[in-house]
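The data blocks that follow each hold one structure.
Both complexes shown next keep chain A, but they swap its partner, so chain B is in the first and chain C is in the second.
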Partner chain A sequence: MRRRLRRIGALVRLSLLELWRRNDLFALLVLALALLVPLSLARPFGTAGATRFYDDAALLLVWGYSIFVSLGVGARLFPGEFASRSIYPLLAKPVSRGELLAGKYVGGVVAAWSALAFFYALWAVSSALRGGDGLSLCLLQAFALHAVFSALVVAAAVAGSFLLTPSANATLLAILFPAMLFFGRRLPEFAEGARGPVRLLARAAYWIAPHAEFFDMRQRLVHGWGGVDPAVFLAAAGYGIAYALLLLLLARFLFERKSL
Partner chain B sequence: MRRLPAICGAAGAAAAAALCAGLLARADAARRPQGLEGGDLLAVLLGDARKDLAGAMVREADSYFHGGVSDMHDLHHHHHEHGEGETCEECEKEHDRDEHEHEDEDDHESHGPDPWRWINAGIRAPEVHRHLDGERSVELMPWFWAAARADPHNVEAWGSAFHVALRMLKDEELALRIAEEGRHLNPSSIELADTLGQAYRAEAVRDDAKAEEAFRAAVELVRGREALNEGEYVAFFDALSHLAESARERGDSPALSALLEAARRVAPDHPTVLFVARELDALRAAP
Partner chain C sequence: MNENVFELSGVCRSFGALKAVDDLTLSLARGEVTGFLGTNGAGKTTTIKMLIGLLRPTSGTVRLFGGDPADAATRARIGYMPETAYYYPYLNVRELLAFYGGVCGMDRRTVRSRTEELLEEVELADAARRPLRTYSKGMLQRAGIAQALLHDPDLLVLDEPFTGLDPLARIHFRNLLRRLRDRGKSIFFSSHELGETELLCDHVAIMKRGRCIYHGPVDRLAGDGRGNLERLFLDVLEKGVVA
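Let's look at the complex of A and B:
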């Protein structure tokens, strides 16, 4: 058991190093600064004191970046190993396919979480400097649900990487998750207005597709609503974890059947 | 060391952005009309989509006014507060009306079984519905400003920004500035002409001559128009009643008579018509 954990730990370390060695995060940071610095200095109609729009924009960027990072990390975990054939020496060691998948997945999730924690820390500091709450129960819940969402995105990207080409996988998920984030809960209304197969598809999507909006606590943070009810929090987190586990089982099934 | 270029890049980008923002703020301080320059660039980039963008921003401002609630369906069974815990009779009425409407909608619109509604409602619905008011309503201004930048002809954005500045922030100079800019960019808007008249009647910046000029412009703009929308209709009668009041104070019965004619052409049964007719009768009967 200890040996297995050590092997998984090594894979986690590798994933972390890979993410932070790449300059993606720094590029994102530059982009964020270029957008947020002018926004923080804006005085609409010459008025001062409005902060919520800034918090809103910053959190929207955090969401966009977290989808970008999680998808990138998840979608890169296996295709690179197959293309460079480095999967053979990996599997030649006493590591099962399931262990390799688990190790790489945990590594990917930890790497995505580290980026997420970095973005949330920047947001919390910036909010506290402008008189916001700083560290609060709502912020912790928002971070926790967002972390579950990141784990779900990485799982979807890993499962997708066994089914689709890397570009198709990334493109499809880059459309699916933002679409669900912004329009997921509107699907029943859309289905109501649609006809025939479109109606059925919209209904099926509402039941089956990953509900990214469950993890989005931006409104609560920006407008100071406070934390969510613990039962709702646990239900949303449970939904995300269960969905990610299902996707990982699918990924394992596909990986086990893949001929190398 | 390898990250030095990225860090330098970040610092450079932040400095450049700060410089641009500073220059924009300085230009803003010089009271340039909001939306003129930006309007041109956005018109090229977005075309007519900028109108939709401006509409979306006005809706976002409305959501901010409701404390961040963008979907009124989320407001079932919440406690309603105004400001720091005070209740507001007007808001309670509005809220009750909303709830009744939504109950009706629920009766008619059943989307079938919804396994996720409970989680969604728990995440999205505030336990307490708070309206922005007083100084906190400054949070609405960025959205109106952005809407006016995206589409300088969005009358609702200018009018709402004026209302927030005058009634909620109690900043009459800011309200006048917004009304002037809005009117400058929309010379054919009846609502913004009336808004400018209202702005000039505010205590701190009171100028009755300019107010009357603006109200007269609002009434004049109605001539030749076949139909008025609800906002224009309200603005026309507001401007007309202000003009009628000042004509009565001057004892100017020909002006009052002309106003009565103008009002009758738009809506012969409107209460303002009856009011102006009564004022005219009283003026004629006076010794």
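Let's look at the complex of A and C:
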């Protein structure tokens, strides 16, 4: 067990090193910060409504950045190893494909979470400076659900990387997750108004596609509505974890059968 | 000393209609150094991939230390260096070895001490802080052999280890492999370098179109009147003369 943990720990560290030594992520981080900080600190004309609008925009940026980071990390975990052939000496070591998948996945998730935690901490500080709640139950719930969502995105990107080319995988998921975030809750309405195969497709999408909107607490944070009921919070988190596990099982099935 | 470190029996591997390895039977005795020769596309790399558990044979059996190479625990006794040594360009060689040590389940103290020994052995101690992306081909090969030796394996499997090395690096590498042989390590390597193979090996196996058409000791070559390995290689491949 100790050896297994060491193996997984080594893979986690590698994923973190890879993320933090990539210059393109730093460039994006700086860009996001440059946009996020002024938006969060701004008090246009002292109007509460306008301040909330800026808060909403700042949190939207956090969501956009987290999807980018999670997809970027998840979609590169395995294709990079295959392209550079570093997968060969790695799998020649006493590590199973399941352990490799688990270690790289956990590493990818921790990397995505570290970026997410940084942004939420920044938002909490700016909120406190403006006389807001700062560190509140609502913020903790929002962060936790967002973290589950990130883990789900990484799992989807990992599973997709065994089925599609890296660019096709990243493009498809970059459309799917934002589409579900903004339009997922409206799919039943859309299905009601549609006919024939479109109706069927909309209903299928509602039941099959991952519901990103379940993890989105931006409106509660912005308008100060407080946290959600613990049962609702646990149900949403459980849904995300179960969905991520299903995707990881699919990824493992595909990886075990992949010829190298 | 007759215990075999690996045994391949009637192994076949197909990729669609292409039969990359066809009815291959081959073994390596403990402490033996065998060169695995053949033209491009002869099935050497496919055989090596089956040997280290990366590929499953279509038929036949592969036994490594009496076990299945697909089993992670069995692979703890082998060290593998791939033909093209592309590792993680953003790591330095110490970080690379720390990573592979962790993957092997080694504790940090052991990894640290082995790293220092190996960096001296492969002469990379002075370049240990440089990222791998700044390494030359020869330095990457040495980093590759260091990662293969890190967990002190009983069998070394090397895919084209001399490719791209300059003459000095070849001599260093050859001497390193000799030291490992003298320590009782079994070594199996594929190569196109007949001279290096003849200097290093006890045995050679020659592949042609997925089949092993010669497997025998190197020191019999002169006695057979074949003169040297190059002559044997050409005889076997071109004239179909099998010893």
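We take it that the second predicted complex is superposed on the first by the 237 of 260 C-alpha atoms of A that agree within 3 Å, B and C clash if a C-alpha of one lies under 4 Å from a C-alpha of the other, contacts with A are read in each partner's own complex, and residues count from 1 in each chain.
Convention: a contact is a pair of C-beta atoms (placed from the backbone, for glycine too) under 8 Å apart; a residue touches a chain by one contact, two chains touch by 3 or more.
Since this is a predicted model, take the numbers as computed values, not measurements.
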First, second, both or neither for A:A191, with chain B first and chain C second: first
Contacts of A:A34 with chain B and chain C, given as first, second, both or neither: first
Partner chain(s) touched by A:W207 [first = chain B, second = chain C, both, neither]: first
Broader residue contact with chain A after superposition on the shared chain, chain B or chain C: B
Partner chain(s) touched by A:L181 [first = chain B, second = chain C, both, neither]: neither
Partner chain(s) touched by A:V95 [first = chain B, second = chain C, both, neither]: second
Partner chain(s) touched by A:G226 [first = chain B, second = chain C, both, neither]: first
Partner chain in contact with A:A115 - chain B first, chain C second, else both or neither: neither
Which superposed partner A:L260 touches (first chain B, second chain C, both, neither): second
Which of chain B and chain C A:R3 touches, first, second, both or neither: second
Shared chain A contacts, counted only where both chain B and chain C touch the same residue: none
Chain C residues within the chain A interface of the complex: 15, 49, 52-55, 72-76, 78-82, 84, 86-88, 90-91, 95, 98-107, 144, 147-148, 151, 157
Chain B contact footprint on chain A (complex, rising order): 23, 26-27, 29-30, 33-35, 37-38, 41-53, 185, 188-189, 191-192, 203, 206-207, 211, 213-214, 216-217, 219-220, 222-223, 225-226, 228-229, 231-232, 235-236, 239
For the chain A and chain C complex, residues of the former touching the latter: 2-4, 6-7, 9-11, 13-14, 17-18, 21-22, 84-86, 88-96, 99, 259-260
In the complex with chain A, residue positions of chain B that touch it: 3, 6-7, 9-10, 13-14, 16-18, 20-22, 24-25, 28-29, 34, 64, 67-70, 109, 111-112, 114-116, 118-120, 122-124, 126-128, 135, 138-146, 161, 165, 169, 171, 174, 177-178
